[in-house]
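Right, I'll just put the structure down here and ask away after.
Note that the chains are named A, B, C, D, E, F, G and H in the order they appear, and that numbering of residues resets to 1 at the start of each chain.
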Amino acid sequence: MRVGIVMGSDTDLPIMAEAAKVLRDMEIEYEVRIISAHRTPEEAAEYARTARSRGLEVIIAGAGGAAHLAGSLAACTTIPVLCVPMPTTSLDGLDSLYSIVQMPGGVPVATLAIGRPGAKNAGLLAAQILGLKDEAIRRRVEENRIRMKENVLAKDRRLREIGIEAYLQKKNQEKKR
Amino acid sequence: MRVGIVMGSDTDLPIMAEAAKVLRDMEIEYEVRIISAHRTPEEAAEYARTARSRGLEVIIAGAGGAAHLAGSLAACTTIPVLCVPMPTTSLDGLDSLYSIVQMPGGVPVATLAIGRPGAKNAGLLAAQILGLKDEAIRRRVEENRIRMKENVLAKDRRLREIGIEAYLQKKNQEKKR
Amino acid sequence: MRVGIVMGSDTDLPIMAEAAKVLRDMEIEYEVRIISAHRTPEEAAEYARTARSRGLEVIIAGAGGAAHLAGSLAACTTIPVLCVPMPTTSLDGLDSLYSIVQMPGGVPVATLAIGRPGAKNAGLLAAQILGLKDEAIRRRVEENRIRMKENVLAKDRRLREIGIEAYLQKKNQEKKR
Amino acid sequence: MRVGIVMGSDTDLPIMAEAAKVLRDMEIEYEVRIISAHRTPEEAAEYARTARSRGLEVIIAGAGGAAHLAGSLAACTTIPVLCVPMPTTSLDGLDSLYSIVQMPGGVPVATLAIGRPGAKNAGLLAAQILGLKDEAIRRRVEENRIRMKENVLAKDRRLREIGIEAYLQKKNQEKKR
Amino acid sequence: MRVGIVMGSDTDLPIMAEAAKVLRDMEIEYEVRIISAHRTPEEAAEYARTARSRGLEVIIAGAGGAAHLAGSLAACTTIPVLCVPMPTTSLDGLDSLYSIVQMPGGVPVATLAIGRPGAKNAGLLAAQILGLKDEAIRRRVEENRIRMKENVLAKDRRLREIGIEAYLQKKNQEKKR
Amino acid sequence: MRVGIVMGSDTDLPIMAEAAKVLRDMEIEYEVRIISAHRTPEEAAEYARTARSRGLEVIIAGAGGAAHLAGSLAACTTIPVLCVPMPTTSLDGLDSLYSIVQMPGGVPVATLAIGRPGAKNAGLLAAQILGLKDEAIRRRVEENRIRMKENVLAKDRRLREIGIEAYLQKKNQEKKR
Amino acid sequence: MRVGIVMGSDTDLPIMAEAAKVLRDMEIEYEVRIISAHRTPEEAAEYARTARSRGLEVIIAGAGGAAHLAGSLAACTTIPVLCVPMPTTSLDGLDSLYSIVQMPGGVPVATLAIGRPGAKNAGLLAAQILGLKDEAIRRRVEENRIRMKENVLAKDRRLREIGIEAYLQKKNQEKKR
Amino acid sequence: MRVGIVMGSDTDLPIMAEAAKVLRDMEIEYEVRIISAHRTPEEAAEYARTARSRGLEVIIAGAGGAAHLAGSLAACTTIPVLCVPMPTTSLDGLDSLYSIVQMPGGVPVATLAIGRPGAKNAGLLAAQILGLKDEAIRRRVEENRIRMKENVLAKDRRLREIGIEAYLQKKNQEKKR
């Protein structure tokens, strides 16, 4: 395992699955764990303390509300810790964002966007980090960029060819299927 | 020691001294500690885990930014943990507030106001909690309430007697001294 | 009755019922009341003023919007007052949070998280406070912590055994039932 | 006395003096009081309950942080209660604003702007309300409007005559005096 | 007509109808108008300029987003202008609130809560203002307060009698009908 | 083509179609493109750099989240760039707004309202700009203003004639059709 | 005069002078006026209504707090109205921003950044708009862009040559002069 | 050079110097550049596109306001891009934070805390990333952690030995020197 995906609750799993999907596409070995900074604090500390010796090179944490998981892990390891703020019902994920991004000087946590785009980008950032020493991963990251670009160009072409109304109609039809 | 006042950095000390002052006035034994959830995570866990056996009945934490200290302590003990969000330069203490108050169900932290008023109230709330089983403390809390009330009534009388201008002038003179 | 759960409107009841549930599980006697700081101000003051003499040791208030209930009660008693900010439609509960947590120095209110997690934690914090002098309650609080921990560990094991896809599928099936 | 200006602390006095100044200019009798919703709750309730019978027609309250004063007064009287949210160091007066303006249906509080402009406007609004039955006050309100307008027109003329640089220079000189 | 209820768009009507309902209950004559500060600026200015001479004593405005209606009206009249910030889809009504409450010194607008509670309270505040010179209205306002209070007391009694579960069940049944 | 409507993703199309509709009504030639500042950065730069030489006079961009599209385009051209912040699920479009409106001195972007009203106004503002040198467009803009005004006046008349209840009933019926 | 710079109060003048400076540099004729939407509403409406016939092609407004000036002007003219939100002491200019940018569909206002950068950009955007039909202005806008770019390149070169410490030292020395 | 520190303006230099200081302490080669996404867009794209081939392994960007620099760089390279949101005068750095952290799925930017702590942590995170393949750097990162920890422990000891008053006095004396 080179990457550990950790979340405090299984309600975060549908979002964090995006990070796992990216790692699978990039052919990077990963594990997925439910560990809570508040309900299993010893397990959280233990997980981070032994991370490097177990071969982990990056930890991706998902946390919401008073989101302490990433900071708790980062306090116990020096491998990079990336974190995805979970959307929350009461404060729109702003509580998650603030309690993750505002880490004090000395213990960094790399914060990504709130929710799904952040989880996807956490997977990609992990791949970019591992790509610094693994040529095959780097190539897959770059191929992914090219696919994304071609995808945008194709949509742009289609829109120019068929116009707004037809484009929106087709998009709605595809959704329904 | 019945109350532990803990803060993550000595920059929080001028504010947390307000809590200490209240406890001293209430004749409640306390200790003051600098322990960081991020830089000394093991000490933080250890402090909370042994708190009750060392005789502590309440912990008052002061924390700022991605403020994990109170949550980290609360995760390792079942004595009440009160927390004062520190004012911060970039986000006005809102980052501290959100990362303290939005604790997940299961591990409560009692949040007070941001900064000095919160530190003072943390001391008072600790006294109110201890007052549930300690008659002398309860009496001191109630006397303190009466003094506060008399203080307001005295100011009100003075304002009515001398009027706004004279009142503001005297207040300014007192400040300068 | 050792704990009074008070709310300003019966629309807060589904959320505040979480606090009641915790107290019942902890075998702590409680009462539930609808008293409004704005529509029944005299009853609110009376309730708080007589709280201690009627045997109450903790008050849990639920309040939303310009949320004055907890502060009004705290002004008239020196037993600990805990407060749960209610979610609101227009300002996401931020109005409730600010009008509860920012109490002036001298009259503390212990603020919990917005909504359900806060209500649950208010019940737990009340139990932790009473546990300082009641051994049986303290034991139940600690057993609850252990159950929570085991629950997380069990989910973690299941996720590791069956993987993300199967886990999410089972979770969805359980929801539908 | 037709208007009561009430504030929770004498630190609000420099701002609330703006309301008093307007009332004096409008030749409306007023009183100024320091009464705290949290430290003198009984006095606050008593003040509001007897307001109408003592001849008061409008109450202007100034309150900051978890700002309950206006709501507490409004709960005990049916004369109009106007409120000025005080600026606060930690949350820029947003805590004051939210805890004043978001009153529940049934007990209105008329909220003005945060700080000095709000205090001035509270005085003017009180005058506008009293002007509904007092011709002399109404005339003074309208004369004040005309003066304000002429003041703007005069500045506009001066700026057009002497240009930006000279205008700013003169303004700086006037400040220094 | 003694009160004019004005809104910038008929989408505000369901909310502003709450203000109308209160005035009808209080037996106060009112008119309801759709006038836009941005799309019919001349009509808005004209409406306010002639308000007093047409017998209006209070204007209640409802406005959302960059909510200029109340300020535009207040600039052209010296009768009291009350304003209800409309909820908005993108910024939760915060844009409405800020653009209404932060009026500059000299031209007051009395701001109420965002949405329905604010509309109801605008009607009540208008009644409280008119009640200063109209004994019958004042009496109706006070009766309304008593009804509200009795309503809360009745709910409190019912809750104490039947308990949380039964209360919630009955409430759900009433909703369905 | 005189106006280019550009968006970073086809999910923005339903909103940006409002801008296109206005331009069509104003008989202004426009093109619609999907170009991403982050996924097709070279195409974005190229689009802006060649805009003026291809005859474009105004660019309307729609962008959400960390919304860099308008700024990236504005950095590469000196024709006016207008931008519509997209609503976002996590931060209510506030992230879009801040990352568009706070452009540094030197490279202006004209920001419109979040979402649909902003897209419509971007189309209108483009027409107003082109109307400075094109008499026919100017006339159409002014006719549009008059239609808007008459629309408000008609609704106002209808409301006055039939009253609130009937008006709301008819509106609901029209919606259902 | 081709551009009118309008502000509600002379306290906005130091900031709005930045817009004037840009127009002077671009050799565009402009006028500067103090007109208040709230204190001189008739003058504001008149100014906008006659703007086009007096030869104005763009209006730049500066407004703060409940910032209605730009919207009031835009309601009475169809030439482009640009607006600079003023910084405010209580809400950091957020009140200004929201009350300007969230204009309803139909009456656009082009919003720039809060404060000085926004004022500078308002001047530049006006120049870009006029540059669409005035070749000389367009050339000056482009020369300005090149100067800005060269300025950044020069700083970059200096930093690379002398390093961080020397660069910061020189910068501090230049400030002191 | 293994790390590139890039900022949009030399006003960001005092903060970004913190990142440089960490890299120097960690004996990691770095370069510092002033490149603006808005004023030198071609240089920004060129810098990122050639970053890997010039040997760079991590880019640290500092950006404020509508902060597009990091996103613009990340769009043109697949080496990790870390970003420090700059504090801003009008919106407290919230504009910087939102426009950096909310990157769309596909192009990750690792966001650190606002201002100095974020700049320091960007340097540390870069070191942690390089430490994955460079044993010497990894060791220095771990030594740094131990020094931080010992520093906290020393302060804690001193506070316990000399008490709050003496501690604060000594701290003030040290500041004055």
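Note that a residue touches a chain if its C-beta (ideal position, glycine included) is under 8 Å from a C-beta of that chain, and two chains touch if they have at least 3 such contacts.
The model shown is predicted, which means the values in this text are computed figures rather than measured ones.
Count the C-beta contact pairs for G-H and for C-D, then tell me which is higher.
C-D
Between C-D, G-H or B-C, which shows the same interface as C-E, counting it as a repeat when over half of the contact pairs match?
Most of the C-E contacts reappear at G-H.
Measuring centre to centre with CA averages, how many angstrom lie between subunit D and subunit G?
33
Mind checking the centre-to-centre distance between subunit A and subunit D? Centres are C-alpha means, answer in whole Å.
Distance between chain centres: 51 Å.
Hey, how far is the Cα centre of subunit A from the one of subunit H, in Å?
Whole-Å distance between the two chain centres: 21.
Taking the mean of the CA coordinates per chain, how far is subunit E from subunit G in Å?
Once rounded, the distance between the two centres reads 37 Å.
Please set out, as single numbers or ranges, the residues of subunit A touching at least two other chains.
Residues 9, 36, 39, 65-66, 90-92, 94, 101-104, 106-107, 109, 113-114, 117, 145, 148 of subunit A touch two or more partner chains.
Check the chains against each other and report every pair that touches.
Chains touch in the following pairs: A-B, A-C, A-F, A-H, B-C, B-D, B-H, C-D, C-E, D-E, D-G, E-F, E-G, F-G, F-H, G-H.
Using the touch rule from the top, collect the residues of subunit D that touch subunit B in their complex.
9-10, 13-14, 17, 20, 31-36, 39-40, 43, 65-66, 89-92
Which residues of subunit A touch subunit B in the complex?
Those residues of subunit A that touch subunit B are 8-9, 36-39, 41-42, 45, 64-68, 71-72, 74-76, 88, 90-91, 94-95, 98-104, 106-107, 109.
Could you pull out which subunit H residues touch subunit B in their complex?
The touching residues are 87, 92-94, 113-115, 117, 145, 148-149, 151-153, 155-156, 159-160, 163-164, 167-168, 171.
Which residues of subunit G touch subunit F in the complex?
Residue positions touching the partner: 18, 57, 78-80, 82, 97, 101-114, 116-117, 120-122, 124-125, 128-133, 138, 141-142, 144-145, 148.
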